[in-house]
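Two complexes, one shared chain (chain A), two partners (chain B, chain C).
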Partner chain A sequence: MTFFAKFCIPFIIGETVLFTVLAIKYFTWLRDLPKKDWKLIITNFFSLRSISALGEVISESLLHRRIFKVNPRLGYMHMSLAFGWFLLIFVGFLETIAYLGLRWIPLQGHVFFKYFVPLNGISDHIPAFDFTMDLLLLFVLSGVAMAWFKRIRSRALGMKKTTKHTFFDRIALSALWFIFPLRLIAESVTTSMYGGGSFLTGSIGNALSNILSINTLTHIYEPAWWLYSLALGTFFIAMPFSRYMHIFTEIPLIFLRHYKLQPEAKEKSYDNFEVEACSRCGICIDPCQLQSQLGINDVQSVYFLRDRRYNMLQQKIANNCLMCGRCEQICPVGINLNTLRLNSRSSMRNIPHEGRYNYLRGVDKSFGAGKVGYFAGCMTLLTPNTLNAMRSIFEAAHEQVWWADKDGGVCCGRPLMLSGEVDSAQKMIDYNKSLFAKHQISTLVTSCPICLKVFREEYQLEGIEILHHSEYILRLIKQGRLKIGYQHDATFTYHDPCELGRGSGIYNEPRAVIEAVGKLLEPTHNRKNALCCGSSVANTAISDAQQLTIATKVASELEATGAQAIVTACPLCKKAITRGTQQRVVDLSEIVAQNIKQ
Partner chain B sequence: MKHVIVIGGGVAGMQCASELLRQGLAVTIIEKEQDLGGKVRNWHKLFPTFTPADEVLSAMRHRLKISNNLKIRTGCQATTITANSVTLCSGEELKCDATVIATGFTLFDAQIKEEYGYGIYDNVITSAELEQMFNENNVHLAHGGTPKRIAILHCVGSRDEKVCQRHCSKVCCVTGVKQAIELKKLFPAADVFNFYMDIRMFGPGYEEMYREAQTAYNVHFVRGRISEVSPTFNSQLQIKAEDTLTGRPLKMSVDMLVLLIGMKSNEHNITLRNECNLLAQPSGFMQPQDSFIGNVTSNVDGIFYAGTITAPKNVGESINEGTAAARAVIEWLNKH
Partner chain C sequence: MINFGFSINRPRTIDIDRNNLRKSNEIIREMPELQACIGCGSCTATCTAGNLTEFNFRKVHTLVRRGEYQGAYEEMNKCMLCGKCRLVCPRGINTRGIVMLIKRKLGDF
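Up next, the complex of A and B:
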């Protein structure tokens, strides 16, 4: 048997293009990885990490477990296509072995098995295979039907908005939609002529042979296989240039991620794996507040990654993001969306003048001493109620405090990092690090989550414990150094700041502090799903009026709890929410300071 | 007899009502406070002539002759307004033939600019509070004593996108200069600084007053906004600013900080927009039909505007608009 027919040509061209492009892409990406990343791969390759990566490939690339968690209907759709198709290939492979023995058969031989080996050419027919293959085909077809339906009514699958597609996406998508229905037709026509098949292809085949004459069937037999092969070929050619590149890319990505590779503040070759692993499922669109509250439709992570992938990223898209992390939190592929956007910003930034930061010399007029350093941060200096409250708390706990930036300090560097000015930020970081070293503090407290994040992630302050004031206050309470009078009739609601919650994983400490003062009432969106206040320093694109629109929406959700005051733990959030409500908005430290028991 | 309801008993509303009465119409004034006079009631002297605000108000009251045709409803607020009816907070509905909205403005709440320390530190006061102190002839520091160094900060809640107040409140610059001179008159030995973005001296006598403040009273002017305020150990206020003329940051300790708070559109304007089909500007102030020949008429037939309901204005302009609105009402009633 030669396993060749003319109709196979589109398929053969398709698979050749696909595997060539994939090989070129992966080769260049891997070749360009920095040495550091290669070291990680080599050291981790022969370890349990490879096995756990394999486990994740099965649970994510095939079963789509994370999409299931977000949205079961959508999860089923993706799983039926991915896992169903995989099983069709796998069981199809077993079927060829069962009938033809273990020997090399070209790929088209497996794919078009029913054409090359119709039932009348087989001596020992195994009906179980017919049944399994029909069942799997039905499984995949149910997913295709859902995909069709999703295009018409996305809300039926729990999505308010779906992705707008590129040209290659449309070609690949149309081809994909037709692959399985065409396979069904081709196989049914074959069974109608040669018998075999099970409840699906068998029954349709029977029906066809009853309706159509054998002459007609002979005429449509070859064209049916041609169409199936054409759909496959088209899909394979479009695939590496379309969103479906994610099918293969997610697999190496999962392995590399298990080997501890991750994107950094500056772009590198590894980013390609993350960028092309995006399936453009569009799950990131709905949680984006720029979309839901401002109607901005072209900046979401899915579009950012698309534009970056095709080298058409514009600064106005890269800059228009709150970096609230709501999309990153929900992304089923687990792409580091914020870091990728930041290193894009870094590549697109204007390089500042050499002398811009010369003023840092001679800024240091710091004095005082204390084991505990308190870094208020610029936003806390602009919300002096917090500053006063911290002073009362320190006094009540008899803490010796060195005030790091009360009489003028240097920015923590995070706002610069967020705009991609990594090198400039490093100058701030170096300045503050030497300042902290000079004053020999052992604990660094800040009431600004923006500062906290950069202290923890970029400063590498060995020997200095870095605490957010919510953690610090809770510790004082637990140690009995700070006594608080519980107010039985006081009710508070809490707004999770993005940089503190999703950014630094601090959810419980602020809540514990609030519950030491009064009753805590949770808003609809909280913890990991908390909304962004809208005034993020990461977004330099939206206007103040747009920030206010978001703030008003967030405030209305907090007001709806009926609490007497809105509490937050970030000076920027406090300022933002204050603009959007008549309700009292306070920092965590303020309610603590007001209720200190002497 | 035709009946017109004037909502708001400030200078614009009072002027409008007295003009309407003079023309033989019946008028009802609705005022949310207990007394007529609006914001001018709490002011000490008016720029640029230092005319006592009381003098202007008593002249206005004198004009507004008590007659059977005039009804004044104080202590009550209007909610929804149409050309032929006004609904009060109490739910009571008053019928009329035309309405004039002269509800004015709201003073910007300085606490929103927390960085200036209003409500947090002693001796940070608003321009309105300073007028009150002038009225009581009792300008002093929180714990007694006279201020030796005073800073006056312009544009608090005006031209500030961060608090969504893009517009210029028009009168604060002149007020700042006026108050600086008054402070210098009270405390000749004190240093008075005005921190400004631009000095907008748009009216007759204003520029002259600004010059006089520098030449005759030695008031200092620094171009630059204050960025933040913090207390010092001897309970002074330390202000940080940038002198944008020299391009240098500066720090200064002062005894008193006066915030020139701007004019904000009333919350009630949202009701007017949403429930009464009236158009508002992006600033929140109401939108007159046009800026030249229809600036006291609204987009709804039979509803008119007078005074600062449509934009920040000074006292003289507001009074003139009262007259203009009365004329427009009469012309409209004659046609209908």
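Up next, the complex of A and C:
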């Protein structure tokens, strides 16, 4: 049995490079995983998690279900390439077994099976295999055709902007696009000389043998297979260094994610799996408001991950992000884009300064008592209407409240964390934690979603329930402690703050509160797809004018609902949107306070 | 001495010709909007850190622009980056960006 021909050399070189680089990458990444992560892998490996991970590998790595949700045509394109190619390999494997029995055959024997068939004296074809393989090839070719078409008109596949690719990505991309047409040609030429094939390769083979003389066919026979092998070899060599590394990285990533591994505030080895699992599909570009509203084209998650992967990340790229989470929400690979950007910021500029914030010792002049602590937050202190509204709500509900930061408290620490200074932020966290412990509160209410997120995720306040004021007000209403007069002619629209909605998963409570006061009209982008007001504390790069541009766009969408007032639940969003509109912008607590029934 | 509830700065001169303005120029080149500051002091009045300490953003960035870098990094480190100053600034200066820039230029990183 012969399974070698000279044209196989590019393919063999390609596969060797590919598998060697993959082995080295996986080995180093896994070796460098922290002990804690290894423990998670070991304990979860023999559990149902592995099976559910396998399910996700099939639905995401092969079928690309999440891309179908973004756009069905885009989903089909990705699926036909991934699932189609997988089936070609799988059915091709079954085909060699059917012809030659179950035994070891070198990889090129499987890949170039059609070439080796006549060499190994097989003349009886199994038509079912010929048909299936042709059908699958057609399936993949349809995807390649769509990919070509997407270059010309990406909007047809639901994408306004596509990724700007690097030089090496373009090489890999071109090689990938040529693999399947070249395979079609090579197999068609073979069938024209040796028979076999079905509706696709068989028909083209027949046509070729009619047009060309047998002499010409013998001359193009070997070169056709050479070209196919060269395309495969080029692709395999480029693959581990290009975007196509995602094909192999996404699979271990899905397993590790099911074993509860996740990125943290500081960079670690697991991040490599997430960074290299990015396929640079560019789906994150369109939702980015810095792109759509400000025309900034080089900071989106796809470019951030690319720059980080190739060690060319610049601070101005890492810092220019609103962290609104719109890209993270739509990412088909489910990469934790915000966390990765944060830990990049952290490793770029987090210099712990021993003496920093030592002044926090001894600034505590807090007084008062109450089971419920109210932490207004820095931004709320700048929106006194919210503060006054909360006061009248507390009074109406006869709540004993301890005002945590009425006369100037200490920042919650999240703005500092968002700019990458995780260690320094810990000093504020410690200060506020001891403050809460000192006053023995059982419930902590805050009006600022930025504070809420850090209280819930970083503070570890055992025994203290942490509520956003929207949740707290809704609870008061449900318990009957707060009576609200419903206004039949009042209409409101609601702007979902990023940190409250996508950040903390609170969508329904503010809506329920608004509906207790008047009629709620939803804007075009709401809930998970809500827009960012543009003033996010996570961004220290864009200018005031740029913030205003975003705010105006967002406000105009909210105005378009025709509501009498724009309601939001974040003091920062309120400040930002107010600048962008003539319309009345209010905090949730204000409309409640105005309509309390005594 | 009688405590009047306020104090007066000791008299001193800033000699811009003598001061090394290299860092100051770098800072202004990177964020020219800092020159739009009218010195109203709103940033300092709302400042969370300023409420607890002597930290004075307006003073520090003004001194830095004049080439007086002594102690500026340490002072800037008091900032909590909460961003209230940015919201109140009538000139729309990206104050948080300025704090980070000054620290980057004057600190050890």
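The criterion applied here is as follows: the second predicted complex is superposed on the first by the 590 of 598 C-alpha atoms of A that agree within 3 Å, B and C clash if a C-alpha of one lies under 4 Å from a C-alpha of the other, contacts with A are read in each partner's own complex, and residues count from 1 in each chain.
Everything that follows uses one rule, which is that a contact is a pair of C-beta atoms (placed from the backbone, for glycine too) under 8 Å apart; a residue touches a chain by one contact, two chains touch by 3 or more.
Just so it is clear, the model here is predicted, and its values are computed rather than measured.
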Superposed partners chain B and chain C on chain A - clash or fit: clash
Chain B versus chain C as contact partner of A:151, first or second or both or neither: neither
Chain B versus chain C as contact partner of A:537, first or second or both or neither: second
Partner touching more residues of chain A, whether chain B or chain C: C
Chain B versus chain C as contact partner of A:69, first or second or both or neither: neither
Chain B versus chain C as contact partner of A:170, first or second or both or neither: neither
First (chain B), second (chain C), both or neither touched by A:356: second
Touching partner for A:575 - first (chain B), second (chain C), both, neither: both
Chain B versus chain C as contact partner of A:478, first or second or both or neither: neither
Partner chain(s) touched by A:415 [first = chain B, second = chain C, both, neither]: second
Residue range of chain B overlapping chain C upon superposition on chain A, of 186-194, 222-230 or 258-266: 222-230
Footprint overlap on chain A, where chain B in one structure and chain C in the other make contact: 381-382, 408, 543-545, 548, 575
Chain A partner contacts - residues on chain C that touch it in the complex: 33, 46, 48, 51-53, 74, 77-78, 80-84, 87-89, 92-94, 96-97, 100, 104, 107-109
Residues of chain A that touch chain C when the two form their complex: 349, 351, 353, 355-357, 359-360, 363, 378-379, 381-382, 408-411, 413, 415-416, 419, 421, 428, 535, 537, 540-545, 548, 572, 575
Chain B-touching residues of chain A, taken from the complex the two chains share: 381-385, 387-388, 406, 408, 543-545, 548, 575, 578-579
Chain A contact footprint on chain B (complex, rising order): 112, 114-115, 117, 120-121, 161-164, 227-230, 240, 251
